[in-house]
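Listed next: structures, encoded as structure tokens.
One chain, chain A, appears in both complexes that follow, with chain B as partner in the first and chain C in the second.
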Partner chain A sequence: MNRKNFFGQYQYSNSPLHLLDPRVKILSIFYIIVFLFFVKSLWGYLILLAFVIILVLLSKVNFASAIRSLKPILYLLIFTVVFQIFFTPGNVVFSFHFIKITKEGLNLAIYIAIRLMLLSFFTFILTSTTSSIELSDGFQAIISPLKIIHFPSEDVALMISISLQFVPILFEEADRIMKAQMSRGADFNSGGIVNRAKSFLPLILPLLLNAFNRADQLAIAMEARGFVVGGKRTPYRAMRIKVKDCIFILSTLAVTLFSLFRWTII
Partner chain B sequence: MLEIRNVSVIYDPKTIFKKEALINVSLKIGYGELISIVGKIGSGKSTLIQLFNGLIKPDQGNVFLNGIDINEGNVPRKEIIKKIGIVFQYPEEQFFAETVFDEIAFGPRNLGQNDVKVKESVLYSLETMGFNVSEIIERSPFHLSGGEKRRIAIASVLAMRPDVIVLDEPAAGMDYEGKMSIVTQVRKQIEKGMTVVFVTHDMDEAFYLSDRLIALDKGYVVFDGPSKDFFQNEPLVNKIGLEIPFTISFRKKLLKCFPDIPFSKDIDSLIEFLSVRLSH
Partner chain C sequence: MNRTTRYITRIGVVAALYFVLTAILAPISYGQLQIRVAEALTLLPFIFPETVIGVTIGCFFANLLSPFGVIDMIFGTFFTFLAALLTMFLGKHKKSIFLAPLPPILINAFGVSLYVVTLAGLTGNGNTNLNLSVSLKYIFQNLSLIPYLTVVAWIGIGEAIATYALGIPLINALERRKKLAL
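Then we have the complex of A and B:
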């Protein structure tokens, strides 16, 4: 029986990708995601797709879970594709009554679909190979220069860290409450949209109440251990850029430039 | 009535998180039985009880309710829930309704009972759990004391009038008074002939309350029999990391001076025996 894994949940492994510096991973993935919007050829997307597949294999994470990471964006994907196919003006390749499909619409739909899928895959790579603590440490290090302009980078990083750590706890709690309500006859899977929304009330309400209670307790526990907002803190884990980080940066740059280079000649 | 046959449950197979929660477990639970399920954390207790009403499906083996496999697909879920009620740990954390009435009525309403029947079920369960109905029925479940909340949570399952009630650590995190109040109400259910299954870490509670005991260790059933026999097998109890109940260890110490001291589940009767002997 498989326990439910939510989108991009960290999957423990000792793969080369897991061992990369979190700052490198965050910045590289961010760079690729931004870059995705500049690629305008199928060739470029295919190179990036091959790159993400290599990364999934290198990371030793469950391949099926990478495919499953598309599930949350499935409806968005379908909606976007359908919208582009039917509402993009251009050369008509198929028409039936008022429905018209254009060549430009088809092209755009394919590009946007691939772009969204790649975006999801790269985000999955980041979150499934980087623990919440590494993510928050990396994020804190990246935004730390903003302290110059009095931006509370440490507090923001702490907020992100706590939120990320609470995600699996909330999922577990939701599962526990769901089972308890199901034992009292609650049915979360049938009925129309309105009925389904109503049936989730006995799940969401206790979940929210417990989350608020837990937040209260956490705040008290942190204050009891001397936490002060804005206080100076030192990191427990020192981050250093190593050879493998440089290799990852270089390969990311090479792949992105290569996909762009081919685009200019075709 | 309820039969678990050669059941195995493996969490996350084919991953590094693979965990064999239950391994080839077989047991039968009959009408009117009072059973304790004991074991250390991670021994498979919670997984086992979730099999009872089909909340999880076994990877191997079958779960039969009155001879019918509940995971076969043609058994309506509501029919299973109606017969097997489970009260999970810290059940008061699952409250959501504005009044005690609505909280308890949630189960009967889900079972499709009409308003008259729902009210009847709510009143029955509140009375069964020893509440003054008129005093509590319109109050918010969130504003009750810890003990009251726990009893309301048990009442909310009792309102569905199950044949079997499974209580997962019913007295966890409660003071002595709250614990005894729960124990008293549960004893009443047993007297009414309901099958009660306790999941507990408290060996005194398990010994005092139950006739039959099922001990789990690393997913295996290592003991299934009279609770008295289990606790007299000290090497087994120690091996699976559990404690001997106070009543038994107290009696064991007294045996050296009073070899004829009777076996008892009740500490009071041992004290009475001792006081009679010492007064002589």
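Then we have the complex of A and C:
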């Protein structure tokens, strides 16, 4: 269990990507990922792949860790490629008994493999260059305009910051309870899958009960300090859009527009 | 004590707990089958209605770590919210606890596989214009239901183990304590 990495892949550095405004980063990455579904040419995907590689290099994060971020989708990737190659109808380029490989199948396999990889890489860029505090500030800022439709965005923002504050506390507590239960003979790693799922009850139950107690204490403490639900609050860290944020937005737009053109080279 | 302050803090800790259980405990895996232990928490709205929002926020942040990232954060979170809401209604109408895991199992299995299949292009329609409606049409018109149903079974079984084997004992234990102190 690595304590520093509870938001997954965050890697500290002073790169230009780390210093971007979190709102800009979140919205740009969301935009690119939605955009991925509108790219129709291999050329477009290659441009985006080049863009993501430039971003990884700019962000100074460990390149190998970017590749490792693909590990969870490895099986899906293999399954997809095999499925596309063998089961897509079209012009047969290779056949051996019942196995037929078509041109369309090969094309599709490449397309989809690149798209899945891009999806994973862009999310990796976001989570590896943005700390948990910045992420939560960013999301809070993004949902704040929803106030207009009477969405309780201030309350939700508060819930997000409370939960963020509790993540390291609960993590430590989970670790402690796990060790305590193991010293009493609890076994989290053996037996069939159902028994293993069941074995987590002695961990989750005390964790949940303690968490609820802490939540109630926090509520009392907050009210004792004059907290009012729905009252106006001001942030400690103010976020400002700077020149580099504009540059990032413009380059994202340029790359996405560029990849839309139907180039006749390929 | 004001009820809503307590609700806000409880929602906060439930979200944190969901995130911690997803991020820190490696999923129990059994070959290809992966189980998210945190999914046991989706039964909490059955006895604590306010935790619907907590589970949703927790799922949103936990999905940051998912390989599908942003797509999971939007659709996966929405499905979790929907399932939690239905579980809450089952609890409000005093239905049997054994019905409570059904919304998370069914909604996640059928819903999440929809976009997994679409993203992976497993619809077998041979076009790269992977538009959700086009894929859906193909799934139901052609006999490409097999990959879809495989993913449904795959996700459904994992979810069923997390909720039935861990979630229900958890809710039962909490309910006994709820009468005493909570």
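Please note the rule applied: the second predicted complex is superposed on the first by the 172 of 266 C-alpha atoms of A that agree within 3 Å, B and C clash if a C-alpha of one lies under 4 Å from a C-alpha of the other, contacts with A are read in each partner's own complex, and residues count from 1 in each chain.
To be clear about the criterion, a residue touches a chain if its C-beta (ideal position, glycine included) is under 8 Å from a C-beta of that chain, and two chains touch if they have at least 3 such contacts.
All values derive from a computational prediction rather than experimental measurement.
Colleague: Considering only touches as defined above, state whether A:12 meets chain B (first), chain C (second), both or neither.
Modeller: Touch partner of A:12: chain B, not chain C.
Colleague: Can A:206 be said to touch chain B (first), chain C (second), both, or neither?
Modeller: first
Colleague: By the touch definition at the top of the document, which applies to A:122: first (chain B), second (chain C), both, or neither?
Modeller: In the superposition, A:122 touches chain C alone.
Colleague: So, A:218: does it touch chain B (first), chain C (second), both, or neither?
Modeller: Only chain C; A:218 stays clear of chain B.
Colleague: Any idea whether chain B or chain C touches more of chain A?
Modeller: Touching more of chain A: C.
Colleague: Once the shared chain is lined up, is A:183 touching chain B (first), chain C (second), both, or neither of them?
Modeller: After superposing on A, A:183 lies in contact with chain B but is clear of chain C.
Colleague: Determine, under the contact definition given at the top, whether A:154 touches first (chain B), second (chain C), both, or neither.
Modeller: neither
Colleague: Pick out the shared contact residues on chain A: the ones touching chain B in one complex and chain C in the other.
Modeller: On chain A, the overlap between the chain B and chain C contacts is residues 1, 201, 205, 209.
Colleague: Under the touch definition given earlier, write down the residues of chain B that touch chain A in their complex.
Modeller: 9-13, 15-17, 50, 53, 55-59, 77-78, 81, 85-86, 88, 91, 93-96, 106-107, 109-111, 142, 156-157, 160
Colleague: Could you pull out which chain A residues touch chain B in their complex?
Modeller: Chain A reaches chain B through residues 1-3, 12-13, 62, 176-177, 179-187, 201-202, 205-206, 209-210.
Colleague: Can you check the complex and tell me which residues of chain A touch chain C?
Modeller: 1, 6-9, 29-30, 33, 37, 40, 69-70, 72-73, 75-76, 79-80, 83-84, 87-90, 104, 107-108, 111-112, 115-116, 119-120, 122-124, 126-127, 135, 155-156, 158-167, 169-171, 174, 192-194, 196-198, 200-201, 204-205, 207-209, 211-212, 214-216, 218-220, 222-223, 227, 229
Colleague: Can you check the complex and tell me which residues of chain C touch chain A?
Modeller: Interface residues on chain C, with respect to chain A: 1-2, 4-6, 8-17, 19-21, 23-25, 28, 30, 32-33, 35, 37, 40-41, 53-54, 57-58, 61, 64-71, 116, 119-122, 124, 126, 128-131, 147, 161-162, 165-166, 169-170, 173-174, 177, 182.
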